[in-house]
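Pasting the structures here.
One chain, chain A, appears in both complexes that follow, with chain B as partner in the first and chain C in the second.
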Partner chain A sequence: MRHPDFLWRNPSPKSAYDVVIVGGGGHGLATAYYLARNHGITNVAILEKGWLAGGNMARNTTIIRSNYLWDESAAIYEHSLKLWEGLSAELDYDLMFSQRGVLNLAHNLPDVREGRRRASANQQNGIDAEWLDADEVKKFCPILNTSPHVRYPVLGATLQRRAGIAKHDHVAWGYARAADALGVDLIQGCEVTGFEIDGGRVTAVRTSQGRIAAGTVALAAAGHTSVLADKAGIRLPLQSHPLQALVSELLDPVLDCVVMSGAVHVYVSQAHKGELVMGAGIDAYNSYGQRGSFNVIERQMGAALELFPIFSRVRVVRTWAGIVDVAPDASPIIGPTPVEGLYINAGWGTGGFKATPGSGWVYADTIANQRAHPLAEPFSLDRFTTGALIDEHGAAAVAH
Partner chain B sequence: MTPEPHDVAVVGAGPAGLGAAAEAAGAGLDVVLIDAGQRPGGQYWRHAEGGRGQHWKAYEGLSRRLGQVRRIPGTQVWLITRDQEGFTLRLTGHDPVTARAVILCPGGYDRQLPIPGWDLPGVMAAGGVQALLKEHGTAPGRRAVVAGTGPFLLPVAVALARAGVAVAAVAEANPVTGWLRDPFGALAAPSKSVEAVRYAAAMTARRVLYRTRTVITEIVGDGRAEAVRLRRADGTQEEIAADLVALGWGFTPSLELPIMLGAETRLDEDGSLVAVVDGSQRSTADGVYIAGEATGVGGAALALAEGRLAALTLAGSGKTARLRRAVRRGRRFAAAMRRACPVPAEWTAWLTESTVVCRCEEVPYGELRRACHDLGADDARAVKMLARPGMGWCQGRMCGFATAAIAARLNGRVATADDLRAFAARVPAFPVALEDLAEN
Partner chain C sequence: MLLIRCPFCGPRDETEFHYGGQAEIAYPADPSALTDEEWAGYVYLRDNPRGWFHERWTHSAGCRTWFNVRRHTVTHEIAQ
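Right after this comes the complex of A and B.
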């Protein structure tokens, strides 16, 4: 599909806005769109230091699902998934959202127990989830090697049929065009370098294009959020990790679902044109270098080929890495900060693409009403002082 | 147990790599020489089994000096990483190799310009034609036009003529005086100018029409190349029938490995991105030496000298003064040649909306224009994101230079090093099978 002729204007920044959003990735764009559409707040600018959606939005492997373990997570991701289901129509843009089903493989007995537990927790939350035994997995995804004689035998899997993938650049452009049409200024090449804070309240941002006054400042800078928050005097409990992925040459259609394996730390899908997209788990060390250590991906692909021996001759044309920001409990942070008028949306780690519509929705509501949206409440910054953590680590080691 | 790392790994066995390996071995270093080809020689000494190439004595001399060198032919280095010990090189179909230092001699490949009709069957890169002739002795056509710019058009035309192809014309975009009769250059690299004169003589003998200041603006044909359109500096145009069109617009250095290791790059006189080296072939990355075409296009003699110099520098030899002087002279000549043979500034004006720029992703010029004019892309990176050139199989090896130039031109400027860098970094260096990538 070709994108429409006109996507967005390229305005120069005004000297003041009601709301300034820092970061033009998926979350920033969605937030601006819902601010305008749901709340009628249109005197809004997105300030993006590079290109719209050139950060992790451009690097992610686009898995969308909502079968998270805890109620709080399931609620916000399911809200997001419901929005995905109507989004192409709403934005009048083909996002190539394909609900092809996501399998989460279980390779040992604890995996099986955990998978069954998650499937039933999901069902109780009204989220579609099924438990498949090994034979059913084979039927659902015939190219998967379900032989018991491998390092990671497939003992079963959870399946969410409504889960799937979308095309990330279309998502960004769809939101950008719609936000622009509602009057939001999308400003590229504008880096936020600091904040002006007066009597505990943020009043302006300093940028590479000068000072811009703001009633409210909303951070949506993903991996760079800690650095930014630091400039406002806020220490965030986020750690940055490289996350790697790779893409293959084009193949005929062979894989019509997404397969993930927590134990193997790998996931595979076949994207719309026919390329395989594979992702690895998170690298253990902290780093801002854009290339993850290669041993990680080597090891994980070794295990992946046992699951998909037919891919061994497929050629990889590119590998890359993005830096993801992860909170101690592997859950996001959305809501107000100790600085009045300054809001934060970060810590989406390895799984924020799927959250794009839901996160934008609740973040916009939070900003518009100056209090946390009910779905965002459990994800407040002060949970790290109260101790009410939402530990999604166990739910899936690859939490995409 | 992991084996001891080699003292040095030389990547590429063209003139530069052979020179480096021979000299490093001569200095007593433990050398491993890795090359994608089954036989050493690179672009220059490419030949059929048992055949002989130009300056064969030099080749045989070098080959004799490789006795102590561990050779790994027929494999590509697709990743180099740095660790405490030095470097780990990952190879296709072969165990990884470790070394304390690397001399990268990966050469270059044909620079491609998308002009209308360049994707028709019968149109080939000049280097590709040359390789076919050298390796298989086959000519992929009967009546040829060789077009583009630079001294490498000549050997291709002569080789085609020798293979029995009627060479209808050689169209050189620039005036030739710069490199053919540059007295400085002649002094600096005698063998080079001698070669050029020899080729010129051979062409005269075969009555090849040699046009200077003449550009090829289009290739026409119904389903395959049938004719080319040439335009001379005075504006006159002509159409010449041909079923084989060899296009040579200079070379693009292979920079995947240098960039992977963090070596800096710069813009060369001919608009190519090249690796930065000092007068002793040290790159800006510790322990990484670079020689040959990757540091700037300059012909086989210079590549050989640079390779030798890199090895001697690494070995800590005190006897490099003469070689350094020779390299300096050679680079001066090469720079003059590159300055004299720029890609014609107006080439993007020949493009039509439907001219395919990126073949892998099938992106036509019109899409690039829209990315810049309608979507506001103002550099190559943005164009790549919005229109996807360079995102397919070749990862911009073919279309990177052209896309960078087009993106710059559409924004009213000339391509910068940054525009080119948007397409130059590639991991892995080549497409690699998952089973090679995976640890087993």
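Right after this comes the complex of A and C.
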């Protein structure tokens, strides 16, 4: 049997690039693609310490939505969702992007008020959002237990119909193939171990494959951003935590939407192949260990079974964790740093998969024009000094 | 799952505790003298090392005391 064609070359690094991107996850790949496609900047390398998209890009539960509360977040996530809507065609790769609708359940009065408020804020930002009462929730997702006799009854839900899921590996491979075709070097097994900084300006990175000079260095290292920034003498308001997920054995189609509950701490969807994909919030402690504690899984399974009694005999086949970088306001940090020529795109925490196209787009524009893209401006590092935080804990704690 | 040693109750399951983040963050001695940058540092900046970390835990389902632990953020080993 013939090996299928490789989707990208596997070049050795050159001694210098205009732009070096650190981290070959979704955000690094999308950034490289848009640098080449939107700005004609093709002398670009992505340096990935492991294999391409083996970090959170391989570990996330692929939920895509844009129903965040504040204008700044709504703008950047909706920009991303609009890109998703044309992305399979643009990359000529079936990303299995499925706008099947995402429900965010409310189980108590504060949840109801918060949900209605968010739906209304979304509508005013031109984002599709609806408030469903418990009967409408039942109609939309019949296998959901909406009985009033459970510990935390479902009182209603927000629904974003344009939200949904995609196939994460295909997204990574689609961007990688397209970036490679435009001349970007994707370099795997290349760990960045330090920076050369001359008169306040970054001039090169040190790597496990030697020194590589760079006009601009763009961090896209997700959970490991603090470790890298530390090597450039920058302290960031980020904490790294495990975020776990799990899949069941393969089932016939049983669930055709995404259901999330911040109050009882679980969310679930059914992937195209048939497995149920479930997750919850982060493990509370700091970690780089890519694993979490069993009690977090036990708790989310309890919640899942109360919401979906028919899952009671489904078997779990695999659990895992990724390391997510969380900022104090649960919003990302995008833009320049105190070191000239060194840019940061981090803090996407538990919810950056959905942002992959939008984040790559605005980060590429930021790098190309050496100033924050207008959509990225509110997400600058100095918001922690000015106090202009963008608090999305309501939209981004258990919901990813 | 972590097995955490409470100084009063001994080794107990992680589920009995709550996490408090980095240890030894002192309240500023002269708060009104701080610049905005210094306040941001006090409120928002914490170490995030890959390796040994000095952190706070509270035995919330037990004696409710706060105490410090040295834990490795890759192996999760707790120093005795």
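Just so we're on the same page, the second predicted complex is superposed on the first by the 393 of 400 C-alpha atoms of A that agree within 3 Å, B and C clash if a C-alpha of one lies under 4 Å from a C-alpha of the other, contacts with A are read in each partner's own complex, and residues count from 1 in each chain.
Keep this in mind: a residue touches a chain if its C-beta (ideal position, glycine included) is under 8 Å from a C-beta of that chain, and two chains touch if they have at least 3 such contacts.
Source: prediction; values computed, not measured.
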Which superposed partner A:Cys141 touches (first chain B, second chain C, both, neither): neither
Which of chain B and chain C A:Phe384 touches, first, second, both or neither: second
Partner chain(s) touched by A:Phe294 [first = chain B, second = chain C, both, neither]: both
Partner chain(s) touched by A:Leu375 [first = chain B, second = chain C, both, neither]: neither
Greater residue coverage of chain A in the superposed arrangement, chain B or chain C: B
Contacts of A:Pro328 with chain B and chain C, given as first, second, both or neither: second
First, second, both or neither for A:Pro237, with chain B first and chain C second: second
Common interface positions of chain A, toward chain B and toward chain C: 294-295
Chain B residues touching chain A - in the complex, by the definition given at the top: 79, 81, 90, 367, 370, 374-376, 381-382, 385-386, 392-393, 395, 426-428, 431-435, 437-440
Contacting residues of chain C [partner chain A, same complex]: 1-2, 13-15, 18-19, 21, 36-37, 39-41, 43-46, 48-50, 53, 55, 71, 73-76
Chain A - residues contacting chain C, complex: 224, 226-227, 230, 235-240, 284-289, 293-295, 328, 384-387
Chain A - residues contacting chain B, complex: 2, 5-8, 10, 51, 53-54, 58, 169, 188, 246, 248-250, 291, 294-295, 297-299, 301-302, 304-305, 311-320
